[in-house]
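Next, two complexes with chain A in common: one pairs it with chain B, the other with chain C.
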Partner chain A sequence: MNIGTRKILDRSFTAVGIGSIIVMAIALMIVVLPIITNGIGAVFFTGTVEHRKMLFSEFKRGDSEGLSSEVASSERYRSKVYDMLTGFETELETMAPEKKVEYKAKYAQVRAALQALLGPLPGDSAPMLTRFKYGQTRWEKSEEKLHDLLYESKWDNSNPDVMSKEYFVSRAIGFQGTSLVKLFPYVKDNLEKMLLPEFTVYWGFITDSSVDSHFFGGIWPEIQGTFFLAVGAMLFAFPLGVVAAVYFTEYARPGFLNSMLRSANSTLAGVPSIVFGMFGLAFFINTLKVSESKSVIAGALTLAIMILPTIIRAAEEAILAVPKTYREASLSLGSTKWNTIATVILPAALPGILTGGVISLGRAAGETAPIIFTAAVSVGSAIGLADVFSSPTPALSWNIYNLASEHEAASQIRHVQYGMVLALVSIVLMLNLSAIVLRARISKKLKG
Partner chain B sequence: MDARESSGSASAQKATRDIYLPPERRKISGGDTTHISAKEFSIYYGEFEAVKRVSADILSKYVTAIIGPSGCGKSTFLRSINRMNDLIPSCHTTGALLFDGQDIYGKFTDEVLLRKKVGMVFQKPNPFPKSIFDNIAYGPRLHGVNDKKKLMEIVERSLKKAAIWDEVCDRLDKNALGLSGGQQQRICVARTLAVEPEVLLLDEPTSALDPKATAKIEDLIQELRGSYTIMIVTHNMQQASRVSDSTMFFYEGVLVEHASTAQLFTNPKDPMTEDYITGRFS
Partner chain C sequence: MKFQSYPVAAYLAGKPTKTRIDIMIKKISLFIVLLALISVAAGAAVNTLVLDGSTTVGPLAKTFAAYFTKKYGVRVTVSESGSGNGAKSLINGSCTIATMSRAMKAAEIAAARQKGVNPVATIVALDGLAMVVHPANPVRSLTKAQISSIYRGAITNWREVGGPNTRIVVIQRESNSGTEESFKELVIGKGVPVTGSAETQSSNGSVKSRVSTTLSAIGFLGHGFVDGSVKVIAVNGVLPTVAAVKSGIYPVSRPLYFYTNGQPSGVVKQFVDLPKSAEGKRMITELGFINR
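Moving on, here comes the complex of A and B:
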């Protein structure tokens, strides 16, 4: 091959390599950027006076004097709204019966939209659910709710050949000629004064428990649950996996049984995680009865079984990669086999073993399916260490799924869901980063 | 087999010594007992007989060189003395190989104890990925020495014996892999000496080293001669004649000739030996 062709080949390989890296980076950006921007919104956002009210009464946080003066100033603007409502209700009584029915329905919609914005209105009975006790706590959401108040959503399905289209009709037009027509411009102009938006940093998102199934509050029980499950799984799987790897590489005699065990291990590594979930339920809870029903320990054991093959394989490879000469040197000094493994082989294999361990730890933290039947609940408080044998726990992976698909008001609390995703991604990233650092430090020590 | 039979009668020993050693080298006290003795000793890898019915006596405290073309079974023989061949599952032996009259492959021989007495230095320097101190202290720690001061003493003594103390005394806590190949090899010698073995097996210890480092190792062997029974495998004929008292020539697993180094190199009995040392084949 002449030098020109060789150079062109080299260059084109470089170009293709760089190109694929760029494509991957862009794909990663597309996935990660919204997670970061939306997830950060769970902690940093523009909060309203309703948020501060909620914090004060649900978490006893914030200063009461400042809050009452804020509430007083917002009430000054809100009372005009309330007055308009009572005014209209009196007007309603004097209307002709058909008109009355028509307006009553429309009025109920207005009231509901106002409740969503400002919280319970005078004359409402005390709400049962915490989420109805407060108006909009986040400013960007209040703007959406304001739109709901100002416009009625309608669907245009006049043309059967195309999909029906949503369009909006101003509610003010519907109330033309009544006293309520003034309400709409008033709320629009004074919303800021009624809600007092303010830049808010809510670290409690990380450290608080949730209130009313994630409507308010934070995700600490989920973070803690994830931590318990992942670390618990590691506590079982890591020692077991390393011991198994030592057995496979150092003690097992080659033969039928050994190759069976090895291929069983490889197969196990490829089994879908939901199967492990079912197995965990059937084996740990129904057969072994490690707990009455779902519990952290059952989930951790299930996750442990799931990550065990990976740990074994990584440890095996790391042990096999230790130069034979170390083993010879140690044995020739009069070391026993076991001592050689403990003092020479395992330390030299440690970086590789740890890498496998941390990859597995990240996987244990992120998997949903194995804990659905064995450990996870959608809402719950943080559990104590003593409860791991009996209590189930919320966990990030499961709650992300839950908030995305099963929560009754998923669209209202997207920020919580994104916050959880960000928390999970950060935890896994932090684990991997610490593993890289640890690995680098050990390798450096080994290399001198 | 018992001890008396293996070491033979005193007169037989004297005869062995007279054959192997040139008069000018015969000045080591205590160097007149058989330390290692092979009787019709064969080593197999599965069906393949790599060392064939070797009988030889190796005297205490002298240097014995093993030469022969590649693949003739030098390493296999050497490694059988401290049972490093146990690592190869297919490897087994027949006949007897005695160490101080005890059958090395006997049923009741503790190979861990044996290796403590029979140290080995390998062809490629293989220090552990640990500090220099921990490398040397590895053996003593293994055998129960944990006192820091005592360990330090042993480390210093071993490094001095291996003629590398001056080069590393100010960086004992540094990783041994950071040293040069020649230094690493002497660290390996020191590591073996720290266990205070009786026998030192060296399998081509200088083949990975430059001439200067090689000279240091050869000097070291001269230093240690008289204190340890040393067996050295080498491809370098000059090296064998420089450092050894007696030489064994192997060819295709057979011990062709075993004689004092001076005799083997100046007046070989076997024509095959002559061909080999004159470089007619290799």
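Moving on, here comes the complex of A and C:
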């Protein structure tokens, strides 16, 4: 090969390398940026007076005097809206019957849009569901709701051969000639004074329980559940994994059985997690009956079985990486085999073992499939440690899925879903970071 | 990895190297004890009601659960894994109440009896199965026969039922779903296969999001899941309004059930009877379901 071609090849390889790193970075940005920006929106956002009302009556938080003065000032502007509504209602009674029917349907839509914006209107019976007790708690959402109030979405199906097109009609035009027509510009101009938006930092998103299936409140039960499941899995899997690795590397005689066991272990590491989930349901709950129903313990055991192969492999590698001279030196000094393992080999292999462990911990925290049938529920309160043997728990990974697909109002509470995703990503990231730090510290100590 | 000979050297020097592991163990156990203290403080053990089953009954179950916990201090957990799984859980004794959007099948009841479980049904609410399409779809009404043809694959284009010339994307639920079974029973008949080109979604929510993003899709939802992102079409000219479902004029409606092992008693009875109370009725209405 002449020098010219070699140079070109060399450069093009560099270019491909840099290119792939850039593509990877962009892909990561595309995935991570929306998670971070939207997830942070669950804690930091522009909250309205409705949010502060909700916090005060559901969580007894906030100062009552400040809130009541705020409510009073927002009521000043709201009362005009309410007056307009009652004015129109009396006007409605005087209308000709056919006109009355026509306006009544349109008026019901206006009322519904106003309820979504401001909460229950005078004359409404107090709602049972917390989600209907308050108006919009988030300012960016109330702007969307304002649009719903001002404009009606209609579909143009003049051409029967194609799908209809959406267009918006101002609701004010529909009420031309009635007293209600003034309401629309009034609400538009005074929405800020009625809702009093204010920058809010809601740490309660992390520490509160959810209210009315995640409409309000926070995600503490999910965070705690994730924590219990992951730590529980670790408590079972870590000691077992290390013992198994010691056996494989130190005691097992090389032979057919040993190599079979090892390859079985490697295969187990590649089994899809849903299989472990079904196994957990069939074995731990239906056969062993570790608990009457789904429970944290059943979920933790299932997760433990799932991460066990990874821990064994990591521990094995770490033990094998301990230089042979350590062993020889220790044995030659008259130390027993067990003593050598406990005092020389394991301490030297500890960084590697721990890294494997913590990475598995991160995986256990993030897996959904193994806990669907064994531990996770979509709603439940935070549980105490005494309940892990009998109670199932909500967990971040499962509830993210639940909110994304099954929740009846998924599109209204996207911020909660993003908040959960960010929480889960941060937890896993922190675990992995702590693994790196731990490893570095232990390595440093070992070096003396 | 650059391990220097520290452990061996330390061993030689008579230093207790065990402490490395010991310290780790101490730290970890300290952490666990701390965790235990925090958690025990956080929650005390009370008896628990375990609900499992239908995703359609999910919103009701979750709301009842929150209300019940607040009022009586009894913890209630709710999983939404499908009516079929709810029945299985009840049979295996791993839930207190199975929430189902269809009645238990004879085979399931037989399996339950064999295990000594006696399933008793309580009707919670009525639900009109809403046929939904994308809001852009000009079709406003279909007959039951037309819907049946669409799901059997006999009609594949919206033009055949008065819509634009586009292929119909048929969306059904998974086999575990009570909603799917009710739909089959009420519309296309038991045992008649759904067209092979039908797409399967695993929950009401995902049917809704699929229909709201696909112009030519048709699907069915529990009535409590309907919102502005999809358009409900009339079946045989009737929309699933409260009155139409209650009186039985709407052809695709079904009851929703709570199944218990034996006649409910105590706390379970209190929970199962919630739909009879004034508050329970209000919750049902506000969630978009229909009182019996």
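What we mean here is this: the second predicted complex is superposed on the first by the 425 of 448 C-alpha atoms of A that agree within 3 Å, B and C clash if a C-alpha of one lies under 4 Å from a C-alpha of the other, contacts with A are read in each partner's own complex, and residues count from 1 in each chain.
Convention: contacts are C-beta pairs under 8 Å (C-beta built on N, C-alpha and C of every residue); 3 or more make two chains touch, one makes a residue touch a chain.
Bear in mind that the values here come from a model prediction, so they are computed numbers and not experimental data.
In the superposition on chain A, A:K447 makes contact with both chain B and chain C.
Shared-chain residue A:V344: touches chain B and chain C both.
With both structures placed on the common chain, the touch criterion links A:G334 to chain B but leaves chain C unconnected.
By the document's definition of touching, neither partner reaches A:E93: not chain B, not chain C. Between chain B and chain C, it is C that contacts the larger number of residues in chain A. Of the two partner chains placed around the shared chain by superposition, chain B and chain C are both touched by A:P323. With both structures placed on the common chain, the touch criterion links A:S213 to chain C but leaves chain B unconnected. Taken together, the two complexes place residues 323, 325-326, 329-330, 333, 335, 343-344, 347-348, 445-448 of chain A in contact with chain B and also with chain C. Across the interface of their complex, chain A is touched by residues 1-8, 11-12, 17-18, 20-21, 24, 32, 35-36, 39-45, 48, 50, 52, 55, 58-59, 62-63, 65-67, 69, 75-81, 85, 89, 92-96, 134-138, 162-166, 202-206, 209, 215-216, 224-225, 227-229, 279, 282-283, 286-287 of chain C. Of all the residues in chain B, the ones that touch chain A in their complex are 82, 84, 87, 112-113, 115-116, 119-120, 122, 124, 126-129, 138-139, 142-143, 174-178, 188, 191-192, 195. Listing the residues of chain A that touch chain C in their complex gives 127-129, 132, 153, 155, 157, 160-166, 211-213, 224, 228, 231, 235, 285-286, 292-294, 321-323, 325-326, 329-330, 333, 335, 342-344, 346-348, 350-352, 372-373, 376-387, 390-392, 402, 404-411, 443, 445-448. Those residues of chain A whose C-beta lies close enough to touch chain B in the complex are 323, 325-336, 339, 343-344, 347-348, 445-448.
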